[in-house]
Amino acid sequence: MSPRDEARAPGAPAGNISVVRLPNSWFILSTSGELGGKPLMRTLQGTPLVLFRGEGGRPAALLDRCPHRNVPLSLGRVVEGQLQCGYHGWRFDAAGECRAIPGLTGETRAKARCAASYATREQDGFVWVYSTPGVEPTSEPYRFPLLDAPGYSSVRRVVRAPGSLHASLENTLDVPHTAFLHGGLFRTAKKSNEIEVVVRRGPDRVEAEYIGEPRPKGLVGRVLAPGGGVVQHFDRFLMPSIAQVEYRIGQESHLMVSSAMTPVSDWDTLIYAVVTFRLPVPHWLVKPFLTPVAMHIFSQDSRILRQQTDSIHRFGTEMYVSTELDVLGPAILRLLRSAEREKTAPALEAVQETRMKMLV
Amino acid sequence: MSPRDEARAPGAPAGNISVVRLPNSWFILSTSGELGGKPLMRTLQGTPLVLFRGEGGRPAALLDRCPHRNVPLSLGRVVEGQLQCGYHGWRFDAAGECRAIPGLTGETRAKARCAASYATREQDGFVWVYSTPGVEPTSEPYRFPLLDAPGYSSVRRVVRAPGSLHASLENTLDVPHTAFLHGGLFRTAKKSNEIEVVVRRGPDRVEAEYIGEPRPKGLVGRVLAPGGGVVQHFDRFLMPSIAQVEYRIGQESHLMVSSAMTPVSDWDTLIYAVVTFRLPVPHWLVKPFLTPVAMHIFSQDSRILRQQTDSIHRFGTEMYVSTELDVLGPAILRLLRSAEREKTAPALEAVQETRMKMLV
Amino acid sequence: MSPRDEARAPGAPAGNISVVRLPNSWFILSTSGELGGKPLMRTLQGTPLVLFRGEGGRPAALLDRCPHRNVPLSLGRVVEGQLQCGYHGWRFDAAGECRAIPGLTGETRAKARCAASYATREQDGFVWVYSTPGVEPTSEPYRFPLLDAPGYSSVRRVVRAPGSLHASLENTLDVPHTAFLHGGLFRTAKKSNEIEVVVRRGPDRVEAEYIGEPRPKGLVGRVLAPGGGVVQHFDRFLMPSIAQVEYRIGQESHLMVSSAMTPVSDWDTLIYAVVTFRLPVPHWLVKPFLTPVAMHIFSQDSRILRQQTDSIHRFGTEMYVSTELDVLGPAILRLLRSAEREKTAPALEAVQETRMKMLV
């Protein structure tokens, strides 16, 4: 029984658990800095992988199992750009081909002796790995926006979310929970403003635009938008696992939080977050506050995701009831399920747009 | 696979494991004192429940899962007699109906948004919960006898037995093990007295009466029955989970131990025990000894139940061989299995009586 | 699902996991010294057993479960050469027959009340148990060679290998890994010598003879074979679980390491190792070095076996690719599988011999 089946098995009709396994998709498996001279043990969607730097320092990713006696290759070492198993010393190159078998008098290379290899890319300071082995990727990884744009600063963090990829994405892009879970930080529980939400669905994305959202109160509001101005707020999901939150307040403030999520296993998600911003106050003044506030918010979200995951395991199944306030979650799940079945979403020639009301 | 199936699954023919799940039955889920202003997380027969005090302070019990995103309601808080989820702030009343969804502009109440609710009763200082949700109970909880009878005193304790409901019931009402496990306390291993045992089976109970049991030796005997007199000893099982041990020695001593057992999960049983007694010595003199002695006995039983449970798990099945000394255990299991299948026991118009001999 | 199926179940076609359960085979379950006046809890191929000394101090082995209420007999005590359960005091003799039931007025002995019993032997300071209960053994346990031979000394050790019986046997008898895992101790990674390997397969054994192996370098070589001389090296597997490594260097040095392996469970193997030797230096001088060196080697092997076992569990299956350097492993697995199916190996009238080359 695969871990996937296991996750779904306990009495649940298939599809009742928001767990997906995506083929042909790019995910971040480490930062550039983490991948040095030693092999890195990683797990992607439950599959053990090993990363190492092959010839020319280029990242390589193999299935983390020596074909000979199945010892993890990640427990060996890198020798001359090849990965050497610690048991019998077999060596593999970046393509997974076996290049040395100590003691053997005959030919070393053979198809059966290859380790499955995965395409990699190193860009924006991250090592990306393609989730299907042995194939040429048909797409390229996500590019983080505005990284080098003039006037913008960035902050990066990696955090671990104890929930499924879908639960983590929905949580990151969900507005109504903020008034409760993060009460006081973004919004208060006393709703008074009815705003309009425009939802736009495309074949590889879904976006919510919040129209009429009030400017933050007090000091924060005056700092972010001293001249007043309209709030523009977008929440976006981009396949396969990017959650993007964008705020513009007036002419001067622009904030973009991109979270590239990596499904380590069915109920464990790594979030590589990049916060990029332009603000009308000195950035050195903002940065010291940004991380503690973001980590505080995330620790609350992490606690709730843990509770949600534990509850799904306790019951052995998931039973969600959605309302129109669940603006993006169900749409995200549909896109993930389509990708899992290797279908593109039902061809939407034009982007589909719907509108609704919400109290914030 | 439900936890129930899981318990039975390992190679065991169904019925080979003494685990039952009883519908339509009352169980204690907390003492009155434990249930205050905060929600209580409880488990009944493997099902997570939340207790809280609703309007007027009356106990309420719901399935411990928010219908929206499945976070445990027990991790939220009680607001104005309603239970509020900690994720998005949905609120539920004692009947499980959804009464608030922050942010929603339309109607809140809807059938799909209800949390399953369980009937409750608060009596004798305990909160009882009915094991089938969404129905009107067809019975009332057990009443502890003699609680307010003149001349009687009571002591209460809650202990955890690491065994199935059946194993815990059988252990509590089993006579032969006392000479070994609790050797010296009740009886000694040197058997000399042949006594008669009368077993009476009814549709919702089974009782053993021990006739000819010798009066306790030494000081204890003289204290309990200074004027001598006959020992009357009854062990009773009352559906669904009450074990009652009654002793009368002479005219003056009367001891009644009622253990109301709650099957938390298949192999974990909570015992709410009430010891009620009338003795010819001052009760303030007896009470300090009662609890340490009872807890000593229970710690020995608990150890054996743990060993028994571990052994059943190690072998993946249960293989009992009973003799006529197993006076009540097999009869209790038959009653539990009938209740599980929602049948009443084969109609016994009159109570069935059998007799046997035992060495004590 | 039996533990065996469990081991094989995760997606693996039967036979894809090198786990076997051997009937009708002798295994060591304790040293003579470990088995004193108290019962010993042991596990053999996943089955809980209890050892105790019955009448005349002879070792007895029973299934570790009281037939009455399934409490482990190993948690009781030995009384007059019988094993007494700690719950109700039932007693069993060395043949597993029930000899006492306290409280019972009628006959005690009955077939259903017997505990399954296993044949035992005590020899060479070890307690051996036959893996099929209730039968007369058709063979006798392995005899450790040269234990009392004049001029020989012995050292004994018991170590735990976190791998399957097969993986542990293969590891113990595998030559190529020594240059890497134990690099520097036996051989170095710089291969220069091509040697010949003769493999001889019989119905209950397989042996590899290494011809042309160079004498150890430096001090060790001069100590072991001061007069020079030829190296003779044999690695042998003897059914059901003996790994034997024999070295002769010149006329004077003779070293024999016999490892009798006990499959505690599918992935946990106990190794009862006896090192017997005759050397041209005083044995009191050698002994202090022997144990630390052997334990250092074993700790490296143990780490690799743990990694291999964990990897097989992570992937839920085993995927080995062998080369001709895997001289004994595949042959050992074939012998184990035949024994598991209670077939003798395909009748080899004469011993089959094959030859190959290896770089050491």
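Each chain gets a letter, A, B and C, in the order it is written, and its residues are counted from 1.
By definition in this document, a contact is a pair of C-beta atoms (placed from the backbone, for glycine too) under 8 Å apart; a residue touches a chain by one contact, two chains touch by 3 or more.
Here is each chain with its UniProt name: A, B, C = Aromatic ring-hydroxylating dioxygenase subunit alpha.
Computed from a prediction, not measured in an experiment: that's the story for all the values here.
**Student:** With chains as vertices joined when they touch, what's the shape: line, ring, star, complete or other?
**Tutor:** complete
**Student:** Check the residue numbers that chain A and chain B use where they touch, and answer same if over half are used by both copies, otherwise different.
**Tutor:** different
**Student:** Calculate how many whole Å lie between the centre of chain A and the centre of chain B, each centre taken as the average of the chain's C-alpha atoms.
**Tutor:** Computed value for the inter-centroid distance: 48 Å.
**Student:** Where does chain A touch two or more other chains at once, residue-wise?
**Tutor:** In chain A, no residue touches two or more other chains.
**Student:** Give every residue of chain B touching chain C within the complex, in rising order.
**Tutor:** Those in contact with chain C are residues 9-11, 167, 175-177, 179-181, 189, 191, 194, 304, 307-308, 310-312, 314-316, 318-325, 357-360.
**Student:** Where on chain A is chain C touching in the complex?
**Tutor:** That would be residues 1-2, 48, 64-65, 67-72, 75, 86-89, 101-106, 112-113 of chain A.
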